[in-house]
Amino acid sequence: MTAISNQRILVINPNTTASMTQTIAKAARGAAAPSSDICAVTSAMGPASIEGYYDEVLAIPGVLTAIRDGERDGADAAVIACFDDTGLDAARTMATIPVIGICEAALSLASFVARRITVVTMSHLSIVPVEELVHRYGMSSRVRVRAAGVPVLELENPASNAVDRLRSEISSALGEDHAEAIVLGCAGMADLAASLQREFRVPVIDGVGAAVKQAEALLALGLSTGKRGAYSTPARKPFTGLLSGFAHEAEPAQ
Amino acid sequence: MTAISNQRILVINPNTTASMTQTIAKAARGAAAPSSDICAVTSAMGPASIEGYYDEVLAIPGVLTAIRDGERDGADAAVIACFDDTGLDAARTMATIPVIGICEAALSLASFVARRITVVTMSHLSIVPVEELVHRYGMSSRVRVRAAGVPVLELENPASNAVDRLRSEISSALGEDHAEAIVLGCAGMADLAASLQREFRVPVIDGVGAAVKQAEALLALGLSTGKRGAYSTPARKPFTGLLSGFAHEAEPAQ
Amino acid sequence: MTAISNQRILVINPNTTASMTQTIAKAARGAAAPSSDICAVTSAMGPASIEGYYDEVLAIPGVLTAIRDGERDGADAAVIACFDDTGLDAARTMATIPVIGICEAALSLASFVARRITVVTMSHLSIVPVEELVHRYGMSSRVRVRAAGVPVLELENPASNAVDRLRSEISSALGEDHAEAIVLGCAGMADLAASLQREFRVPVIDGVGAAVKQAEALLALGLSTGKRGAYSTPARKPFTGLLSGFAHEAEPAQ
Amino acid sequence: MTAISNQRILVINPNTTASMTQTIAKAARGAAAPSSDICAVTSAMGPASIEGYYDEVLAIPGVLTAIRDGERDGADAAVIACFDDTGLDAARTMATIPVIGICEAALSLASFVARRITVVTMSHLSIVPVEELVHRYGMSSRVRVRAAGVPVLELENPASNAVDRLRSEISSALGEDHAEAIVLGCAGMADLAASLQREFRVPVIDGVGAAVKQAEALLALGLSTGKRGAYSTPARKPFTGLLSGFAHEAEPAQ
Amino acid sequence: MTAISNQRILVINPNTTASMTQTIAKAARGAAAPSSDICAVTSAMGPASIEGYYDEVLAIPGVLTAIRDGERDGADAAVIACFDDTGLDAARTMATIPVIGICEAALSLASFVARRITVVTMSHLSIVPVEELVHRYGMSSRVRVRAAGVPVLELENPASNAVDRLRSEISSALGEDHAEAIVLGCAGMADLAASLQREFRVPVIDGVGAAVKQAEALLALGLSTGKRGAYSTPARKPFTGLLSGFAHEAEPAQ
Amino acid sequence: MTAISNQRILVINPNTTASMTQTIAKAARGAAAPSSDICAVTSAMGPASIEGYYDEVLAIPGVLTAIRDGERDGADAAVIACFDDTGLDAARTMATIPVIGICEAALSLASFVARRITVVTMSHLSIVPVEELVHRYGMSSRVRVRAAGVPVLELENPASNAVDRLRSEISSALGEDHAEAIVLGCAGMADLAASLQREFRVPVIDGVGAAVKQAEALLALGLSTGKRGAYSTPARKPFTGLLSGFAHEAEPAQ
């Protein structure tokens, strides 16, 4: 009898808050195929939560480290589990395994079930950055962005009213934006998709599950990042100071 | 011992050419998870191949019939296996199961592995319609469309030079468009993706496999078409003449 | 004395409801030049009214049949009198006479008399499809779409409040959208344009009259559909099943 | 016996070159309905030909004067017969009769017969301004602009090679741009449309004829410029110096 | 001792109202470097204030005259101090010195301090023209346009409530548009920027000061208008009538 | 006698290569007003040169550190002297002084002197990222991006042919793109702008000088980053690991 080892999907929480990683891991495992092992990791450096441009860029070195280490240890694909798709392009450049962001994955799946879509994120600081992602992904004409107006870490606090605020924004999205589907704009909400979908009787898409399925899709089809042009392997060159460990060692692909 | 039945994914070939359905079925099965049964059907009415606007609209009633019958017979999701996403919006309106087009699915996966993408389709008649789909899917700034300049049915003819023409356009896409990934713009090419990817060392995406994986993603996450707004169930009303069988019987969702 | 025969403009009602064709015919004749004969026909197959994507695609074979028959019987141009421009691209591909849609014609004329325009259509199901047409015609930045929220066939019912609902939306368009002109987004409203224009003192454009004038313009200038590229004559090929009568027989143009 | 007077369409040549007005008048009369009288006038002030931004703005006062005088003398509609749609928005603001530009009219008709369109203008100085008009009219994705590289006034010189240069650019448009229709981007070419259409077997659209038909369309439908918002009647106010005669006297509409 | 003469920046008020020029001159001098001399002039021909398309085009000959005379008299750069960037492209074509518009300058600076921006202009007639400028400058997705609903000349009337109306619109911009910066959309408001910025604690940008700084930037870097393509020197040709003085005499650049 | 201290403009080289900082400093000083002191610093951490997405994100912590330290030490404004505007949004969020990127500054000035613009950058890896910046800044329709195809650090090597390659691309930009101005797409080219402008007789814009002037403009007008919305001060929260020093301490503005 031969054991066939599962494929390994690395799911990185770019927020350095381990309790959020639990939520993410559970959502990822709930979505994964039996043939996928989910390896959920908390980024080892950066902000406890990501709200706006500043937090985002400082979370990227942690994400890149996690992907580099994960690829070395045998991961077959990586998911970046923060809705600003933290460091996604840099990760694709660095890695040879495919890398998926939860914003792009959620928007893709949403586009298959609805024409008008509303993203509900947590912090008001995230509205403009998420709108820019939506624009970059070519979906500005179909997608609105709202915020519950609650700090991300409140999702980890059972006593907070974060979920009520989220539900209130979903109601507004349905009534005012004429949304036909809702995308949850924060990895920390991943456990809420199913119950909100039942409550509001409208597709509710969590990006963590969506990204796991996209990673599986790429693996099943033998696809990984194209290494010509924008995602070419970085040239080898000196790195200085605190980040000197990030100097890229691989030979660029011919 | 309890048998757990697999999910059933209906894959419709909108071209009424059965030999092409073989190619499509094989690609679909190659991509499908063990838990998915692929049910590939050839549309029972319409043109032998779809090249341009005229063929496309006349293929739609056959696609809708196949999806209606498939849903009645227990299909859990449907894939429309023609690169113009034949009748996709109408199908989403009619069906309660999720429906995926191979163009939208291929472009989504391509966007996860490359910034600049070239679609290579068969007939010159398809260039403008595919460009319009690309625009509708928000990817005009990243995607170019080329044609091999060969009728679709030549792909079924082993003696034709269709594949050589296709390879020539891929070379041009890499050299002139600086494409970082290639999308095969015709379901009849589905068997060629793997070998072309090896030959050109660039991701080559077939929409049939891509769409099967997107259908599985939606099913795994419990998602289907939103029934508010654009995809609301059609109102019950009289239909006349040749197409009177298409009168919609279901009560619209509340 | 020599009789000069008039040019014949075929006006097709894609909705299979004859009473609506009366309204359309009257509007077409009111707009036509003395040298134009209007031949108004009700489509012989498809839904009684067109509301949303499903109805639209199932109305197309009837539209194509009417244009094919009309061209054979000597029509010089054709107008498709439903605001979703039902089957317009396919018709242009099939026919050699010019074909005009009432949405595109109405938007063109509106753009000559106003910068900000609001379309008021009947059913909420039509909002997103009409928005997509507006986008396709390059006018998203100037045009808003509203719906009276009434089924199309209510326009045929003298006891309904459809016209009041329409008037209410026009008021909102003027007050909230700052519309400078109104486009009536349904062929069944064609008789209302003049009185609404008087009432609201703003240009009110009916697409049926607009399209008749565009057809006359093309005929006067000796223009018809270009047969290179997107609108090339369909290739001759087998058609199967219910729609086998649609197999295209003509030789493609060189 | 009652005489019914014809409607009068004023056609203004913004270039102060009378021989060009002959060409324009002939094209306008060739397109006009029997019920339309064409009144072609040469602008009384400004540049002999319009090539680029500088000439364009200095031609506007002459255009406005001609429209003001024409409206006073009973014109029912006005056509601005220069491809940069010289002063079109200002004219719509000033006049109560409808005003049509030949660029917007030509692009509208072209959009009814082709998806991909190339404009061929005379001077290289006009390429960028015409591209901006195309963009403003929402047609950037379908329209390319080329120039014959010949001064406009060379069209008035029988010994010039202007027409050969024009024909050469049309060939390039068909071969390189895959144009499906050609728009002549200068009023001085209006007499060439029919012969070029025969020669190249592709729709060739002259804006002068196109605009006359659009003016007739608006008149037939009882439409004129909307006087809310962008085209509101100018407020009465003092004007100084050379242009003091342009002070607007009418009361703005309420 | 050697005197180094300052650079001269011509600031033209296209509105022929001298009191407004005082406000503009003061704002320009407040922004200018010690090495810049501001030469503020009132246009000698055209409307007393510019509100909408009609006023705008009739202000252009005055602007061009002022720039031509200013360049002849030694100006090193020119600023057009009306928010519709009156005649900007024509001026760049005509002049060899750099020319800056206050709308483009204000939007550029605003884009460096905010993502979401609201322009507040005076007259409702200016909303659509300014929106078109915003679109032309590529900033539609970030910029909203509002009007105080007051005639421009009311800014010159100390008894008017124009400033209160302006303040009210700024409040709405912050609350409803989520504006992060305010651009004052009329040169006549130039003196209000500093106090409004203090009051609302948000960047408030006046275009006059912004344009003076951009003119200084171009001069410091030795940059002026490129004379290939769109801004090529106009060809020498006859001009007729009232505007015959505008015939361009310079030889075009090679 | 009172000494008035100059304003201090911090110019950060995000590439950790000190010789490149010399070039940048020289260009900055050449552009600066007498009242500005240029403080040029080399980033203390990250890659020796920035080519593509990977290098870019790893350069950001160094940029942020330099700006934080610079602001603490009295800088009045900051310039990020790498053409990918490395970390610009994060820096604006973090800092209270205004921050300018050289790409945005160069494109702004270029838009004041030309309609069609070509950026010539060094490495092919930078083409797609720079195209994305151009798109984000709303200038896609006017700007093309080319690369000399030489590693950035070759600019520091006097024996390289980098400048010849750059000159060759400028020639192509003028001939093929019909560029009316050239933007140098790398801070390391800053010393070449003047001589290339003389050679090619077309405006050549270096971003370093452009950004210094924009910083001076903001300072002269009392403008800094708006602290509502996208650029709100980051919330105080824990940071972990290597980057724990980046935890933001300031109280967010109310």
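Chains: A, B, C, D, E and F, in written order; residue numbering restarts at 1 for each.
The working rule: contacts are C-beta pairs under 8 Å (C-beta built on N, C-alpha and C of every residue); 3 or more make two chains touch, one makes a residue touch a chain.
Chain by chain, the UniProt names read as follows: A, B, C, D, E, F = Hydantoin racemase.
Owing to the predicted nature of the structure, the values given are computational and were not obtained by experimental measurement.
Q: Using the touch definition up top, find the fewest steps from chain A (Hydantoin racemase) to chain F (Hydantoin racemase).
A: 1
Q: I need the common contact partners of chain B (Hydantoin racemase) and chain F (Hydantoin racemase), sorted by label.
A: A, D
Q: To the nearest 5 degrees, please report the angle of the rotation taking chain B (Hydantoin racemase)'s Cα atoms onto chain D (Hydantoin racemase).
A: Fitting chain B (Hydantoin racemase) to chain D (Hydantoin racemase) on C-alpha atoms yields 120 degrees.
Q: If you average the Cα atoms per chain, which one ends up farthest from chain E (Hydantoin racemase)?
A: With centres defined by C-alpha atoms, farthest from chain E (Hydantoin racemase) sits B.
Q: Between chain D (Hydantoin racemase) and chain F (Hydantoin racemase), what is the gap in Å from one C-alpha centre to the other?
A: For chain D (Hydantoin racemase) versus chain F (Hydantoin racemase), the centre distance works out to 45 Å.
Q: Give, as an integer number of Å, the spacing between the C-alpha centres of chain D (Hydantoin racemase) and chain A (Hydantoin racemase).
A: 53
Q: Which whole number of Å gives the spacing of the CA centres of chain A (Hydantoin racemase) and chain B (Hydantoin racemase)?
A: 27
Q: Which chain A (Hydantoin racemase) residues touch at least two other chains?
A: Residue numbers touching two or more other chains: 92, 115-116, 127-128, 140-141, 178, 229-231.
Q: Which pairs of chains touch each other?
A: Touching chain pairs, listed by label, come out as A-B, A-C, A-E, A-F, B-C, B-D, B-F, C-D, C-E, D-E, D-F, E-F.
Q: Which stretch or stretches of chain C (Hydantoin racemase) touch chain E (Hydantoin racemase) in the complex?
A: Contact set of chain C (Hydantoin racemase) toward chain E (Hydantoin racemase): 115-116, 141, 178.
Q: Within the complex, which stretch of chain F (Hydantoin racemase) touches chain A (Hydantoin racemase)?
A: 16, 43-49, 51-58, 60-62, 64, 87, 89-90, 92-94, 124-125, 127-129, 132, 136, 151, 153, 229-232, 234-235, 237-244, 246-248
Q: What does chain E (Hydantoin racemase) use to touch chain F (Hydantoin racemase) in their complex?
A: Contacts found on chain E (Hydantoin racemase): 31, 33-35, 92, 98, 100, 104-105, 108-109, 111-116, 137-142, 174, 178-181, 193-194, 197, 202-203, 205-206, 209-210, 213-214, 216-218, 220-226, 228-231.
Q: Quick one: in the complex, what on chain D (Hydantoin racemase) touches chain F (Hydantoin racemase)?
A: Against chain F (Hydantoin racemase), chain D (Hydantoin racemase) makes touches at 127-128, 135, 140.
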